[in-house]
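Report on the following structure.
Chains here go by letter, A, B, C and D, matching the order in which they are written, and residues are numbered from 1 within each.
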Amino acid sequence: MNPVLAVDGLVVHFPARHGPPVRAVDGVTFTVAERETLGLVGESGCGKTTVSNAIVGLVQPTGGEVRVAGMPVRGADRRTLREIRAKAQIVFQDPATSLNPRMTIGAAIGEPLLVRGLARGRELRERVAALLTEVGLRPEHASRYPHQFSGGQRQRIVIARALALRPALLLCVEPVSALDVSVRAQILNLFVELQQSHAMACLFVSHDLAVVRHVCDRVAVMYLGHLIELAPRDALYTTPRHPYTRALLAAVPEPDPALQRAKPRVPLQGEIPSPAAPPQGCVFHTRCPMAIAHCREEVPAWRHLGETIVACHRAEETPAP
Amino acid sequence: MTGRFTPGIAAILGLLAIYVFVAVLAPWIVPHNPLRQILLLRLRPPLTYSPSAGWFLLGTDDVGRDLLSRVVDGARASLMVGALSVSVSLLSGTVFGLLAGWFRGWIAIVVMRIVDIVLSIPAILLAVLTVAVLGPSFANLILVLGLTRWPRYTRVAYAQTLQVATLPYIRAAEMAGAHAPRILLRHILPNIAGPLMVVATTEFGLMILFEAGLSFLGLGIQPPYPSWGSIMSEGQNYVASAWWMTVFPGICLFGVVLCVNLLGDWLRDRLDPRAQSR
Amino acid sequence: MSAALEVSDLRLAIGGVNVVDGIAFSVAPGEVMALVGESGCGKSLTAQALLRLLPRQVRQTGGRILLEGEDITALAERRLRQIRGRRISMIFQEPQAALDPLSPVGAQVREASGLASAAAREAVRRMLAEVGIADPDRRIDQYPFELSGGMCQRVMIASALISRPAVLVADEPTTALDVTIQAQILDLLRRLAAERGTAIVLITHDMGVVADIAERVAVMYAGRIAEIGPTAAVFSRPRHPYTALLLAAIPRLADEPKSRLAVIEGSVPQPSEYGAGCRFVGRCPFADARCNAEPPPLLETDEGHFSACWHTERLA
Amino acid sequence: MLRHIAGRVGQAVVTTFGVLTLVFFLMRLSGDPTLLLVPQGASAHQIAILRHQLGFDRPLIVQYVAYLRQLLQGNLGTSLVQRMPVASILGSRIPYTIELAAGSLVVAVGIGIPAGVAMAVWRGSLVERSLAALVFAGQSMPTFWSGILMILLFGVVLGWLPTSGVAGLPSLIMPSIALGALSMASFARMTRIAVLDELSRDYVAAARARGLSLGAAVARHVARNAAIPVVTVAALEIGNLLAGAVIVETVFAWPGIGQLAIQAIAARDFLVVQAIVLFVSFVFIVMNLLADVVYAVIDPRIRLSS
């Protein structure tokens, strides 16, 4: 079976005004199958947002290939891009700016159906009502404006709009990062329900490892434009193979004082280098506690270790968890 | 300066409504024909009564025309020029700004360079030069003011469009499959209209001042038709003996511009959340 | 040991509504005390009140703030200026925005030192080194835009601690930072509190951060303290339904994936919606008539552990 | 920084060319520029001769190249009315306008900037409201009207100041106030917004948390940050002051280029008008360029960029 999303050697460089280009994404490969949710995690500037923008053609790839439901995104003309966007929809981070403040939420949710000529008039109103119900809102909300809703409700509206076209692929870019904890749980529950009720593939982009673990089947970790580890959820969280993945997991503060204080403290030293001047060899070597001379010279190749794919010269030397 | 609807802003709107009302109804409410000269009644002070011609509440000018009627008629010229020139420049300026902000690239470079060029010639001088070349007339006045002021709106529309265009809801509209015209008209324009209205309001006041200034210099509304600027220009020669010819039209001019500026400021504060909190 | 900071019955009002309503807590020297809550709970206003730097529309309508035993609520602005930065100081959520973009960072740290230039430069250099800035001789003359977010937060910490204040108020100090940098900054704060005996009031929304660094925690909801106590006790045996639900709503690395998370229905009430009773009443599974009518007092349930709920026993 | 400034110089050159081109075409808007240059009552034959002499019968593009070449050599042409080089006519008037513009700038900056800072710092107070009244008055007052009123009051009724012409410092006072009022309003508004903007930033709160008084925070941190937009306004306003001189100089019979422009239009001496427009625009462009340089010096993000 063909994957819903296939990203192959994706490269996105942004030209800088002065100096070398910013290498936002530098050779990223993964696929997402039907009904599967892939988490894409990493810190700010690692390129995870650029990957999702490239998938729907909001930024142009410099190299590599992206296929959504078999259609190549790179070099797609306007018509094809519009087709692709019918298959792949996005939920953004900030619900406050994801909705046009001068448009009723009914019009916002119905817009994909209306502009594509899929529904109008009474039928459109009914489809909008059904979508509102599906995300836990009421049909009579359709005539209200975004400012009349709370943050969590707005994110529900954004999800309803993304579902309007019954997409094959849903991209969620930090969908719960702007929400308070109590509201975040509501949206995560909704998301898990939707995973079960829709046969969609999902790419879930987030910096929050606990959230990613909660909703994803497989997880890809990015650092400085590179994919450094890709593994099924349980493998990644129980036996992380890449030193960066381990450091990231160690750095997440667990909301449990006993657990958190018992954790070994191995904070990463230093700062993330500039993506305009990434280090030679393995991009992580400047902060890696395990780095050896070899790491500074040679970019590590992709290797399979059990179910995990990892790019690290010393991946086998994983310390026992 | 709070942005709430206060009695003060109500008074301003009321006063502006009176101006508009007077300007529209000018031909029917003037007590005298503003062009009729009664040479026997030259330079009479306010509250002059003539048994043959009646009351001259604001006095008469240097050729014996009723000043009140001329001032009322002048309101018409003033507000017409303001409204028409602002409409022309608002419309053209916004279109250019929207297009430049949305398509960016070379369109933006060319448009914004033209904006810089036009704005490099101070507006009064540009207007003076153009009117002088084309000859003064009402139509030329509108044309000149409209053509010299559109870059103001373009700058604002451009900056605002650039800003709004990066927002997720615009991305979402693209993802929905909306084409550029729909995105521009349904999603961007309503969200940049506020700042543009603020500019339009201040520009309206400025255009009224420009019209008066050009008419004062003899480059605007041509005699014998009255404009506040030209009445004052005539009055300047008699300022020592007939103060009313400069004082009354000046007060009217000052009053309307002040109201418009206060309105603009109120609109600005209303739109700018920064002005409210903290 | 006497408290470095003691707040009692603090009330802050915006337009007649007490958005902070009777907050009380104390912090001992070297202790990290967290104020945790969701947006709109009044934790940031409380932080600003501690330095008496409230926005103009906020008025303090009651309560006392004792800094090393001295009541600073009644002090004149002139006296407060001598206290701010010397005896109580503050760091902010957006470290890059909290530094003047046009001044070198060293100059901004020095500003807080109150020292003359010759001695000051050395003191600043040493302080920058102490907060873990490598190559302080170079960094001291750099501008904020040349430093990363984490580095800017270190500079802010340096400027906040250079005069050895008794209390540091840290308002969401790691929220804008990446997790690996957050871990560095939290370690730094922990070390400085221990070494220098600084009392830290940590304002955060992140239960993980609380679990990591705070010795005690006050959980705030809608302007009131719902529960306050030793961190371990509050996390293991929450005595307020809000805390219990909040903790259950967080996905954890040990949970079953895709399981249903506990949910607090509805959303945080606006100040205009505050009623006479408990402010959590609209979202609470235990709410009854009494909760609607009367605000529950903050009562001790275990040693040092207080909760403001009429139904504490139902959580046991 | 040099790269930044070089870029700005390049833009200024392009803008200058644009202005020259725009003015060239504006002068030809009426169809036949010859008609703008001949004295009234000239015969058709005389006009035809002149048209040929001035080259207006050549193709537009040829005229344009000749026009640019002439201007680039610094030659503004010869006035047909006064039979003198335009440059020397202009040269004799420019000092007066500079004097007036400088006086107005003193009024505008001297009142506008302190007023703007005060309005921001004492927001919502009586101080702000009274200053706001001053700003609105300045913004809404037609310059010629305030000029005439001042002449009436201080010149005619009280006899304190000369009503027109140039006679030392006293004669400069009224025209400077009349001309400077509008700019004063712009400075005050812009300064107020810029200072308010900066006051709301975290670094001000941080500075106060370090023990700085509001005044010290404004002086040490806010002032420089707020200066950036204000400098931009300053450049803009210098251009506006030169242009506004057209009206004020007419009211006060001030012998600068503004009065000259109106006299030249009346005398149909369009080369002089053209020269004045080009001169003022050029000053405007240079001032903007200077503002960009100042901006680059103030802001380390530009100063330190390579």
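We adopt the following convention: a residue touches a chain if its C-beta (ideal position, glycine included) is under 8 Å from a C-beta of that chain, and two chains touch if they have at least 3 such contacts.
From a predicted model like this one, the values you see are computed outputs, not experimental measurements.
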Notebook entry, point to check: Which other chains touch chain B while also touching chain C?
Noted result: A, D
Check: Does A-B or A-C have the larger number of C-beta pairs in contact?
Finding: A-C
Checklist line | Where chain C and chain D are represented by their mean Cα positions, the distance between them in whole Å | finding: 52
Item checked: Approximate Å spacing (C-alpha centroids) for the pair chain A, chain C -> 31
Note to self: Please output the residue numbers of chain B that touch at least 2 other chains, ranges allowed.
What the structure shows: 278
Notebook entry, point to check: Which chain D residues touch at least two other chains?
Noted result: none
Margin query: Two-or-more-chain contact residues of chain C, please, as numbers and ranges.
Written below: 56
Next item on the list: Write out the stretch or stretches of chain A touching chain C in their complex.
Entry: 43-44, 150-153, 180-186, 188-189, 192, 195, 207, 209-211, 213-216, 233, 237, 247-261, 265, 267-269, 271-272
Item checked: chain A-touching residues of chain C, taken from the complex the two chains share -> 38-39, 148, 150-151, 178-184, 186-187, 205-212, 231-232, 235-236, 245-247, 249-255, 257-264, 267-268
Check: In the complex formed with chain B, which residues of chain D make contact?
Finding: 11, 14-16, 18-19, 22-23, 26-27, 29-30, 36, 128, 132, 136-137, 139-145, 148-149, 151-152, 156, 196-197, 199-200, 239-240, 242-244, 246-247, 250-251, 261-262, 265, 270, 273-274, 276-277, 280-281, 284-285, 288
Item checked: Complex contact set, residues of chain B against chain A -> 167-169, 171-179, 182, 186-187, 190-191
Checklist line | Sites on chain D touched by chain C in the complex | finding: 123-124, 201-203, 205-213, 220-221, 224-225, 298-301, 304
